[in-house]
Amino acid sequence: MTDLSPQLLLYIVTAGGLFGIGLYGFIVGPQTLRRILALNIIGAGIFMLMVVLAYRGLADDASLPSTDPVLHALILTGLVVAVSATAFALALLARLNQAKAAQCSQDQLRHKQGPGQ
Amino acid sequence: MMVVLLVLPLLSALFMLLWPRIAPLLALLTASVCSLVALQLLLLVSQQGSQQVLLAGWPSGLAISLEANSLSSLLILLTALLQLLVGLYAFATHRRDKLGAGFWPLSGMLQLGLTALWLSRDLFNLYVCLELLGIVAVALVSLSGDKAIKPALNYLLLSLFGSLCYLLGVAILYGAYGVLDITVLASQWQADLLSSTALLLMTLGLMLKAALWPLHGWLPAAHAAAPAPVSALLSALVVKGPLFILCLLWLQLAGATQVAAVAPWFAGCGLAALLLGGVSALRTPFAKNMVAYSTVAQLGYAMLALGLLLRFNQPLFAAALWLFVLAHALAKATCFLAVGEITATLGGKRISTLKGASQTMPLAMFAFAVAGGSLIGLPPSGGFLAKWALLQGLWLQGGQLFWLLVIVLATLLSAAYVFRAVVLAFNRADPVAPDFAPRILPQWLALLPALAVWAMALYSEPLLQLLKQEGL
Amino acid sequence: MDCAGQLSVLSTVLSSLLLITGLFFFIAGSVGMLRFPDSFSRLHAVTKADSLGLGSIVAGLMFYGDLWQNLLLLLIWLLVLASGSVSCQLLARFAKAQQDRVQQDKT
Amino acid sequence: MSLLLFDTILCLLLLALALASILSRQLAHAVILYIAFGLMMALAWARLAAPDLALAEAAIGAGLTGALCFSALAHQQIQLKPDVLSWPQRLWPAVFVLLMLGGVLAALLQLPPTASQLIAVTQAGLGNSGVSHPVTAVLLNFRSWDTLLELVVLLLALLGARQVAPEVKPATSWSLSLSWSRLLAPMVILLAGYLLWAGASQPGGAFQAGALLAAGAVVLRLNQQLSWLSWSNFWIRLLTVSGVLVFVLTALTAILLTPGNTDVVWLRWPPQLAAGIILLVELFATIAIALTLTVLVAGEPASTGAELGCGEGV
């Protein structure tokens, strides 16, 4: 069915599993922070798949066995892009929470003033 | 020439960050220069054929490949022109709308991202472009302040998820074939389980990012919350980026069996988008949401054309697809600018604000009506041209009565939501009083793309030829 | 185990003993973090046991390295030791402040 | 055999940590578990012969993302009762995920065991690239357009985050942590310089060095040092955009230096100058990355509220 060695198979299945776990977390949530974490887990799963794919170069019977530097470079680029997006998402989340908190305290203030009038 | 088109927006955005005071001037200057260069590139491509470049001259496969064909250069020209127009509009209204200095560098980066995307023919480079586009779009939406944060965050998360699905597809394809260049990949393509899975994952991600039905849920909130010039850019250009990649994948890579399996689904999604998007646009009480839902519906046409193109392989459908994209970009820019101008001046978000607008703001309302005509597909307009190509293609295939009926129904729906606004505007009995004297310049600017979309009909023959031969 | 072949039996035994001791401290620290009731005793368990555990693992590994590698290992241990104690103090201060606030709220 | 056992334990641990992070009741636990997950991931990548990536993942996945998540937690309102999801809310997504996972895994098992032919092409081109470490050659020479766009994305994240970020309360400094961070700072700079330099021939490079520098700067910043480090300072802005700016300007200069069609030589470094150019580009990229990450994590110093005129609404 498959030509992959057991080690590669193990890591590939793990990478797929991480994708699945992240996907579940992203759909179910419920808090936004957890969905952001879930996205990062999906990303980690995909990058792990890429690392394993790059590792195939070592297992090869090629004349110059080495890992795939192109894939490694792609992963580094992808990691930076992912962390940038995460940072922006977290900044948006912080702003949202701050706005919510301000709203809450305003409501409480109105509540307290309410009976007095 | 491609280098100029890529470097100029980037450099000007950087300078805008360093000296915020001269940002508007720099932005307008860059957009005009870029428009000229893009025009020159279009002429060059139409004379000498498509220009292919392997970056830095490294061997094929290792280098990132760029290609400027007539479609790409047309889209680059459209991007630069719309940037110029929206820049002018933003400059004319920035005191009132409190757009802030943040808008200018971001719009420069948006132009960079779009231009890079239209040119790139490398799967991973396209991923970076997609992420760039997604982040810059969200940053632009969040310019609106507190009310836009929630839709912006939702947009960002879904957009990230879409990119990750696309990236997984790229990883699988690279694992199987060991190349990223689309042209090289197409020559080695095998229609097996591996490539089908990768294609489906990438399609899922791209459909989410392009807000194609049924993954359009984030679009109305995000586009409606953004400031008017930003909504115009997002609706006109940004959602077309993923759509472009989607077409690239299915038209250049996918094998015959894969195409045959997926074509009816694309057409079906397009159909559902047309009908359901139209109904939502008819039902929403808010003016900007109506325009945003109309984007969902109009993207359905593009999807439908793509599905039919994959099914019948008829060049007329390719022309229809890209004519829809061009016409919709111009018409939607007008719609958002005009509606933004009207709602800002008359002070309200609901469609009922438009009451009597033909009296208080005749120019903006005229622009909206003209653009609406193109959305409906009234002759002679770009929208009509696209629809005509679609109908002609269907007619040539013969026996496609069902699709003809659906298109008529969708046309009626779009007519209904456009006329709902227009009829309200002509209700002059009790007009909504403007908060301040309407300004003329922004209204003229809003009218410009609408005029351009009607002018498209004049150049229908060369445009049709250009897009038919391209087919991507 | 090429390097081990060059080592005398005594140093192999010593290094293994040190490594096992280190692992024991790590496990004890982890168990303590999971089982102890409040922040302070958890901090106590983690930082103390881990400093000692890492120390004996570093000492155990030093049998295998040359001079330069041993110096680097020592540096790593010192850095972890210092940052561990500083962060432990920071966390403890935070926990104390929180405890005080809770008590204030009660009274 | 023992290696396979190690692999199995590591993989199970990764899956368990990810699952626990998703399912844990409290958000703080989820974040801590995610950081542990990131560290284990770095270990797995080191095992898979990718030390560059392990370094980057430890700095980013565990360190940076963790720090960012913690500062987001500080803004989170305290939940009195955790959200409890009903069974159908959990079941249907689980069914969907399992179906999709089945499809993806079935495809992944078909992957060929041979690696890309690009490895040979890369090794052939290495001689003309100016560096001897293949990953650095790909990042800064063969596919430098990706890297340039990546730096733009990072800059954009900073712009977006700055635009929406709420005001940060100044942290209270404390003498012990202050003196420790001062002691660390020179060591961090030294180590970052080494990582940057090493990138030409062995694992290391601009991003790892930048992340390290940023970590040092953030610690100092949390102890109320480096108050000049803010966006309204022109020189800081210049240095922050310099990563992209120097990259583009160098590429333009390289075009001037080589005759021929401009499109072909875009981003082509002349082979005899390539080593110097790459080091120059990397140096400024490191500085820019460090500054960007510092401002992203630690925010603007509170004192700049009064002098917004420079960066905001003109």
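As written, the chain order gives the labels A, B, C and D, with residue 1 at the start of each chain.
Here is the rule we use: a residue touches a chain if its C-beta (ideal position, glycine included) is under 8 Å from a C-beta of that chain, and two chains touch if they have at least 3 such contacts.
Keep in mind it's a predicted model, so treat the numbers as computed, not measured.
The minimal number of chain-to-chain contact steps leading from chain A to chain B is 1.
Compared on C-beta pairs in contact, B-D and A-D come out with A-D as the pair having more. Once the centre of each chain is set as its mean CA position, chain A and chain C turn out to be 30 Å apart. Chain A and chain D have CA centres that are 13 Å apart.
The distance from the centre of chain C to the centre of chain D, with each centre set as the mean of the Cα atoms, comes to 28 Å. Multi-chain contact residues of chain B, defined as those touching 2 or more other chains: 62, 124, 128, 131, 135, 138-139, 142, 149, 168, 172, 174-175.
Within chain A, contacts with two or more other chains are made by residues 19, 36, 49, 53, 70-71, 74, 77, 81, 84-85, 88, 92-93, 95.
Listed by label, the pairs of touching chains are A-B, A-D, B-D, C-D. Chain D makes touch with chain A in their complex at residues 3-4, 7-8, 11, 14-15, 18-19, 21-22, 27, 30-31, 34, 37-38, 41, 44-45, 48-50, 52-53, 56-57, 60-61, 64-65, 68-69, 71-73, 75-77, 83, 85, 89-90, 93-94, 96-98, 100-101, 104-105, 108-116, 118-120, 122-123, 134-135, 137-139, 142-143, 146-147, 150, 153-154, 156-158, 160-161, 164-166, 205, 207, 296-297. Within the complex formed with chain D, the chain C residues making contact are 82-83, 86, 89-90, 93. Those residues of chain B that touch chain A in the shared complex are 62, 124, 127-128, 131, 134-135, 138-139, 142, 146, 149-150, 152-153, 156-157, 160-161, 164, 167-168, 171-172, 174-175.
On chain B, the positions that touch chain D within their shared complex are 1-3, 7, 10-11, 14, 17-18, 20-21, 23, 51, 53-59, 61-64, 66, 98, 100-102, 105-106, 109, 112, 116, 124-125, 128-129, 131-132, 135-136, 138-139, 142-143, 149, 168, 172, 174-179, 192-194, 196-198, 201.
On chain A, the positions that touch chain B within their shared complex are 19, 26, 32, 35-36, 39, 42-43, 46, 49-50, 53, 70-71, 74, 77-78, 81, 84-85, 88-89, 92-93, 95-96, 99.
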